[in-house]
Each structure stands twice: as structure tokens, then as C-alpha cells.
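Here's a structure for you.
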Amino acid sequence: MLITLLRNPKVRGFIFQFLTVIGLVAFLWYIGINTVANIEQRGIQTGFGFLNGTAGFGIDQSPISYSEEDTHGRVFLVGLLNTLIIAFVGIVFSTIVGVIIGILRLSKNWLIAKLARGYIDFFRNIPLLLQILFWYNVVLRAMPSPKQSYNFYDMFFINNRGLYFPLPAYNITFYTILGSLVVALLATIVLNAWANKRKETKGEDFIVIPWAIGMFIIFPFIAYFLGGSHLDFSYPELRGFNFKGGKTLSPEFLALAFALTIYTATFIAEAVRSGIEAVSHGQKEAAASMGMSNYQSLKLVILPQAIRISIPPIINQYLNLIKNSSLATAVGYPEIVTVFAGTSLNQVGQAIEIISMTMLVYLVISLVVSAVLNWFNHKMKIKER
Amino acid sequence: MIYSKLAKISLATIAVLGLGATSLNADTLSEVQKQGFVKCGVDGGLPGFSEVGSDGVYKGIDVDLCRAVAAATLGDAKKVKYVALNAKERLTALQSGEIDMLSRNTTWTETRDTSLGLKFAGVNYYDGQGFMVTKKLGVKSAKELDGASICLQTGTTTELNVADYFRTNKMKYKLVSYDTNDQVLKGYESGRCDVLTSDQSQLYGLRIKLEKPNDSIVLPEVISKEPLGPVVRQGDDKWFNIVRWTYNAMLTAEETGVTSANVDAMLKTTNPDIKRLLGVEGQMGENLGLKKDFAYTIIKQVGNYGESFERTVGMGSPLKIARGYNALWNAGGLQYAPPFR
Amino acid sequence: MAIFQKVETRTAPSSTKGFSYWIKYNLFSTPLNAALTLLGIAILFWIIPPFIKWAYINADFQGSTREDCNSGGACWVFIRMKIDMFMYGFYPSVERWRVNTIYGLFFILMGSFKFLKSPWIKVILMHVYFIAGFILVRGDMFGLEYVPTDKWGGLMLTILVAAVGIVSAFPIGVILALGRQSNLPIIKSVSVTYIEFIRGVPLITILFMSSIILPLFFPEGVTFDKLLRALIGIAMFEAAYIAENIRGGLQSIPKGQYEAADAIGFSYWQKMFLIILPQALKVAIPNLVGVSIALFQDTTLVLIIGLFDLLAMVRLSAADSYWLGYETEGYVFVTFIFWIFCYSMSNFSQKLEKRFNTNLR
């Protein structure tokens, strides 16, 4: 009786799960009581009260206002925003570089194809941390000091303290121009939809690109006058020790962004390449036999299919890039791991709370990004009829 | 099958790795005596305080304290296992029991003493934070540093002091922070920042590591109090006492004129202070749970505080730092040991 | 009405063979292509000759002091003088034969695999090798002197962390993959949670956790070696990635295989270990090699928690006040080593992929 019961897969499954739960609970319990005992015994503080405590240290780059008198909670926010900034920049640039390299990799031009392949083979086989350190310690350190900066038209400066460029003042003219760009973008999208529809219904071509370019030039031009034609720039200027005014990108940021872009682009390029290669040869031949030009066949036949195949691996690379941005701590770019899990942790000493919060941040970012991109992926899927 | 075997063998591998699970309880002394060495956390890259010589041997004033504790507890100053730690890891390493004591130019602050489960056993170096700049800049005072980029080591009291100093003087600065002193120095040398800030003693130590030490100067301002000292875990008073009185023994030895050279002769002295110190009289060693002659062993093998100071950071070293605050109380300094009585 | 019109006779197509045709067709077929080609040549000229000049023509190879580097190019003397540090870390020099023996044994092992047919013997040999290697490096047994882990460093530590990471993460990964595919709800959700959690956070936070928080999880007095803590973190991390790759393999196995195993009355474990996993692993192997490459690259992260792997060792040596200013040489050297390792592994995985693909189709 008992034995037959034991042989029943359902019963066995139940017992097995039951044991797992017991084991897991026991393990967590064990860890829990030890941790509590250890914390008590060593007199370490607990709780999240530290988030309201004054941080007392400075942070060099912050997208929001921050001073030494602000709290550790604010430090957390600054770190989080810096993480998002570096992730965004990395994703945009690695996508651009990756797609270009991926297409060049399949170029009929022998030299270009080989160069693209060389790029991929070289950079994907070198640890990212090593690349970050290399750009930071070897390349950017070799730049001249502020007084001997490379100077481009007195507007752009490069030296070993970073890259400086002018920043427009946020006045009405600036915002109207910004608005006009949005309008131009929307107009382009509408125009494109209209052109597609016309192509489908009447079979007539309408080339959108020159119109779009025109709009992007003319609209801001009009907006400039509408907005009072008063555009102020704050130019970087060498005053005292450093450049003042304008906007600075620190070497830490540049090294990190550069390395993340170059490294991730190799993987995106491979994804793009295998996406294109996965489109069967018959499709290309069919497009050619319908008299499509190379450009048409790429735009209307190959890419729509290739993109769908490439999206999942590219999503993965985006997630990797976000996680890899945590290597910033090696060069001291003030993102969340550097300032919060680094400096704040040192001042406060509450490792459990701080590390868990940091992990949670990445977890949430990863989940949100993958949810959004999966939705996009789902939407892009070929709808079978 | 093959996989379960694989799993078993892998587990076995980890067990053999045997890296692990050394046991250590609240009684650090008996643990140290059982394992046969003192696990001492040091910097490892700071000239004068703790650095690895070209022969692979650790030396420095912080290292001497580790050696003194080993001499007191094990009778042999060489029985130390050094663990090189950066500023970030040092306190957690002590909390977690990875090391028995921390002797890594650590500033004694209220927060560290009260909320981290740690205890400072003394001050083996009175320091203060200063600034180093290149001569080219033509800066003579820290008050002229408005707008400068400042390199410093993160995870130290340094970054808090800088923030306070610039705030009180209504100056702006740009912060460039790194994990280790080596990186800080490299940042300074390559011109990533104008100023390097750290404890003054470290500035002198780091300066001699520069390619052209004479192109840099240390500014006269001292912007903070930095009492540096050995740290132990809270909750083990016996061990705390040992570290504290090991250090006091070195101070007392200097005060009474006992050196590593004359300590044998001093055993026959009539001076009651020295007699008690060296264990000829009294129960000093036993009270600590150590041998009667623990202080004799320390002085014999490591030397008194003055000897240690001169050898590592003072005139006998490349740093050539004057005693200053670190002179004995009767010579105008702050170093003062409670009596051995 | 089509009217016949004479078409002009076409000229014979130009030669489709020969060097000039190849150049024309592959490099200058269109104006855009020609421009790209010229750009490519320009890039090559911009990078390669200066590099060769720096790294070889103007470089210094001979000598043993800083003063021997006076030709203006790379100072490989620095690497030569520090090579022992890069390879062995602080491992005592008289004991280095032990590490060398392990390197040597590795090639003997790989060679013997050519002749051995049985996978069982191979796996057992692998493990014997690992354990023997470990005892040899650590010492404290069979009269070998004990070398504590804080003396381990350089390339030796890099390889050790990567190898131990993979080997110990593998069984956990297999179990997690099976758990995720299981129809027992609790087992499945535990596995999914673990895998997704680990894959959602960066390795560095896990390393921080294992190095800072892990000691708090155990009773007062139990402490772990720094290296062991890093290894635990890496194994935990890697297991999730291995699990996902094995799951990919598991999903590719046709349902019929499961049903056939059930039909002949196999138990769950028999079914999995004898029928499903051997096939799934075969499919997953190229990807698993990919994971190994990633892990090998990730080992560099241990420098952030204060272990001295190859990269950390090079940084340390470059900070030596005697050899200041030769950081570039150091970085180029590490790049070279890592590149060789990773590139040959990725070539290996591509070969495997080709081999296994033919089997499946």
C-alpha cells in the first residue's frame, strides 16, 4: 500500500516539493537568525533610516542638483539617474555602430567585410573591464592638460579633464526650436504613413526622405524667429584651474560610454548579421525577380524579416549593457554602484540594505526594459494570416 | 549518472578546496594562539605605514603594530598574516572576522566607534588632512583652490573633510574619486586633477612615489584631525586590551628609555616602572592573559614606539617626517600612555 | 506588334578571373564601394604601421632595467621583468614548479583525450585532474608546503577562477534547468525565481554580496577565505546562465523522446539522465562554450573585490614606482593574452556548432 503510494508520481512529486520547501525555509531561517544575531552582536545599525542622513560627500556629475548637505537617499537617486544616462547613451550608440558594422560585415566589398569581421573578432574577445581601463588609463590620460587643450573653433575643447562643448541657455527660443523638432518628427511620421498608404492603394511612389530633411531644416529655422531669435550659448572657457561654462563630459563617462558602445556593438553586429543571413536566399531572389532594386529589396523584403529575427538577441545585449554599466566603479563614474554601493556604503556601513537596494534597482530596470522590448517584439511579429 | 557523479565530485572539489570555514569565536586570543598567527589588515601600498618591500616583506609603522601584537601573543613578531585591504573593504573585513585586527591608518571617528561594531584601541599616529599640488600652479595656500579638481581615495574621512572645508570657505571644487591610492596618484600625475588630498603623512609617502617628487609641494593647511589607530571588533574586551596595551607598552618603553638594543640590560634595572613593564615585577602580563614578559618580547623584536617611528616614517626613512604631534607628551607631543601599574 | 530589331552584339564579358578582376569586383564595383575601400585602406594605414613601429621596430626587448628602454617605442623589458608576477602572482618562486606541472598536465590531458573514447573516463580524468591540481597548488598535503590563497595571483588565478566557476556551476545549472522545465509548480517557481533574479543583476553586485554580506549569513566564527567567497559568488552567478542555455537544449528535444522514455517505463531521473540530457547537452554545448568565454572575461571583475588576477597584477606592476609609465605595455600584454584565450575558445565553439549541426540535420 505504502509502496504503491510511493510509486505514484503525483505523490512523489508532492513529497519532493514538500522537502524542497522545507529545505529552503530551513536554509533561509538559518541565514536569517544568523544574520540577526551577527548584526546584534556586532552592534551594526539596521533599517533604512540612513537614507535620511546627510551624505556629506561631493559627487562630481549629477543630472539633478546635489550638494554635500543632501541625504543618502538623494545620493541613491543621483546614482540611479547616472546609471540610466550611461545605459541610454550606450544603447543608442551601440545600436547605431552595431547595425552599421553588421551590415558592413555582409558587404560585397572584400576589404570592408574583412575589416568589419576583424573589428568584431577583436573587440568581443577582450574583457570589457580591460577595455574600460584601457580607454581611461591609456587613451584619455594621453590627452593634454587644460591649458594645452585641443581647441575646435573655441567651442569644443578636449583635454584630460574631458570633452567640453557649448550649451544653449534654456530660454523661449531654445524651447520653440526644441518644439519645432518634435513637430518635424511627428510630421515625418504622418507623411510616411500617408506615403505607405498611397503606395499600397495607388501603387504610386512618394519619396519621403527629402521632405523630411527639408522639414527638419526649415521648421527650426522658422521657430528661431518665432521664439524671439534670441539664442544664448554658454561657451566653455578656461578660467582658473578648469574650464567653466558649457557642458562637460568627464573622462570617466567617455571611457565607459566608449567601451560599452564598442564592446556591445560587436554582439549587436553579430545579431544583425545572423538576422540578415537567416532570411532565405529565395526571398532575395524573389524580390530581384519582381524587379526590385537592391535598396527596395533591402528595405521591403530583407530588413523587415531580419529585424524580427535579430530583436530577441539584441534585447539581451541591451540588458547586458545595462548590467555592465556597473563596471563604472572601476574608473569612478558616479553611477549607482560607485556612489551608493560604494561611497555611501562606506560611510554608513549597512551592507545588507544598500546591496539589496542596488540589486533591486538593476532587477527592476531589467524587468521593465525586457517587458517593454518584449511587447515591442510581440507587436513586430509577422501576423500570419 | 555521469552528471550526478559530476555533481558529487564538484562538491568534493569545493570541500577539498578546504578554503573555508575556519572557525573563530568571541575569544580572539585563543583563536590566534590556535591558528599560530595574527591576521592583520593593512594597506599594503602606503610608504611608511605599510608597504611590501622588494624582498616581499611588509614594513611600516602600521605593520610594526601587527608585529608587536604577534610578539605579545605568540612570542614571535614574524607570525603575522597580512591582508591587504582597500579603504572600502577594511571595516567589513574586520566585522566579518576575516582579520583579527585592523592596522591601516584608519581614522578614529564617533560613527566608526559606535555604530559599526568596532572599537579603536588607541592612536598610533596623529595626522591631519592636507593638500598636495604641483609647483607649476603657483598655489601657496589651500584658500586659493577655488574651482580646482581634487583627486582622493573614496571610502575615507578625506572626502567628508574636503566637502566641509570647501563649504565653509565658500569655494567650489570638482571631485575625482578612486578606490586605491595608486589610482589616486596616477590621476594626479597624469593631470586629471590639480590637487591630491589625503592625510599629510600619506601625502609625503605618495610624493616620493612620483616620477618627479620635487615638482609637487604639500600646502601648509591642515584641515582636519585624523587620529589614526588600530581597530578591533566590539565584544571581545580581552583582545581589545591586548592590542591597546601592546601599543601602550611601546610608548612606555620609549618614555622610560628602553630600546631593542638595551632591553636585556634593562632587565636588571632598579627602576620600578621598567621592572613592571618588562615583567620582572607585578602581574601585568597575566592580567592580559599573556606571558609575564610580553612587553620584553615586543621591545626586543619590534622596538619601542620611537624606534618604530624613526625607522618607518621618521628620519631613518625616505619620508623624513618630524615627530610633531607624535612626540611623547613630555616632549611636546600628544603620545601619552597610561601607567603600567 | 513587335518588330524585330537587331540587338547590338555584346562585347565579350571582361575576364572573370585574375587579380585585376578580383580587385575590380570585390573592391571597386561601385563608386560607393570604391570610397569605402579607400576609407578602409586609410584606417588600416592609420592604425597598423604606427602600431608595428611602436610595438616592434622601435621597441626594446633586451636588458633588465628601466634605462634599457631608450628607443622611444614599447618597453617590453618591463613585461619580461614582471612576467613571473603576471603568471603566478605572489606564489613563492621555489614552489612555482607546482603551477607549471599543472599547465603541463593540462596538455597531456588534452592529448590523451584524442585517444580515449569513453566519455566516462574523460569526465573522471577531468575531475581527477582538477582535484590533483588543486592539492598541488594549495599544498599542505603529501609534504608539500602550504601556500595560502592570498599568495595566488596572475594568470594562474584567472584560469583557476574560470575553471572552478564553470565546473561547480555546471551541476547547479543542470538542476536549475531541469527545475525550470519541471511540471511541479513549486520547484518550477523556485528555479525561475533564482534564474531570473541572478540574470537581472550585475555580477559585481553578486560579488559584493558574497564578499561583504555572506559572512553575516553564518554563525559567529565561521569565516570564509576571500577567494572562496568570490568563487561562491561566481558559481551562483554562472549557474543561472548555464541553466538558461541547457534549457534551450532541453526545449529542442522532440516530445517523442520524452514519450518514448515514459513508454519503456523509465523513471524521471532515468529519463532525464539517460535520454534527454545527453541530447540536450549536445545541442547546448556551443552556447556553453560561449558562457565559458563570458566567464573567462568576467574573471577580471574579481579585481574590484581585491583579488589579484592577471589584470590586477598588471595594474599593480604598472604602479611600481621603478617602472612608472609603462602601463600601456601592460595593458597591451593582457589584451593579447585574453584575446588569444577567448578567440581560440570561440573558434572552438564555432567548430563544434558545425559538427553538431551536421548530426542534427
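As written, the chains take the letters A, B and C, and residue 1 is the first residue of each chain.
Keep in mind that, in the parts below, contacts are C-beta pairs under 8 Å (C-beta built on N, C-alpha and C of every residue); 3 or more make two chains touch, one makes a residue touch a chain.
These figures come from a predicted structure and were not determined experimentally.
Look at the CA centroids: the one farthest from the centroid of chain C belongs to B. Contact counts per chain pair peak at A-C.
Taking the mean of the C-alpha atoms as each chain's centre, chain A and chain B sit 42 Å apart. Rounded to whole angstrom, the centroid-to-centroid distance between chain B and chain C, based on C-alpha atoms, equals 39 Å.
Separating the centre of chain A from that of chain C, both taken as means of CA atoms, is a distance of 25 Å.
Annotation for chain B: residues 92, 95, 179, 186 touch two or more other chains. Multi-chain contact residues, meaning those touching two or more other chains, occur in chain C at positions 212, 216, 220, 304, 315, 327.
With touch defined as above, residues shared between interfaces to two or more other chains in chain A number as follows: 41, 137, 329-330, 351. By the touch rule above, chain C contacts chain A in their complex via residues 26-27, 29, 33, 36-37, 40-41, 43-44, 183-187, 190, 197, 199-205, 208-209, 212-213, 216-220, 268, 293, 296-301, 303-304, 311, 315, 327-328, 331, 334-335, 338-339, 342-343, 346. By the touch criterion given at the top, residues 90, 119-120, 123-124, 127, 130-131, 134-135, 138, 148-150, 164, 167-168, 170-171, 174-175, 211-212, 215-216, 220-228, 231, 273-274, 277, 304-306, 315-316, 319, 321, 324-325, 327 of chain C touch chain B in their complex. Chain contact summary for the complex, chain B toward chain C: residues 1-7, 9-14, 16-26, 45, 56, 81, 83-86, 89, 92, 95-98, 179, 182, 185-186, 189, 208-209, 211. Every residue of chain A that touches chain C in the complex is listed here, in rising order: 9, 13, 16-17, 20-21, 24, 31, 34-35, 37-39, 41, 104, 107-112, 115, 121-122, 124-130, 133-134, 137-138, 323-324, 326-327, 329-330, 337, 341, 351-352, 355, 358-359, 362-363, 366-367.
Considering their complex, residues 87-88, 91-92, 95, 111, 114-117, 137, 145-149, 154-156, 159-160, 162-164, 167, 173-179, 186, 190-192, 194, 233-235 of chain B touch chain A.
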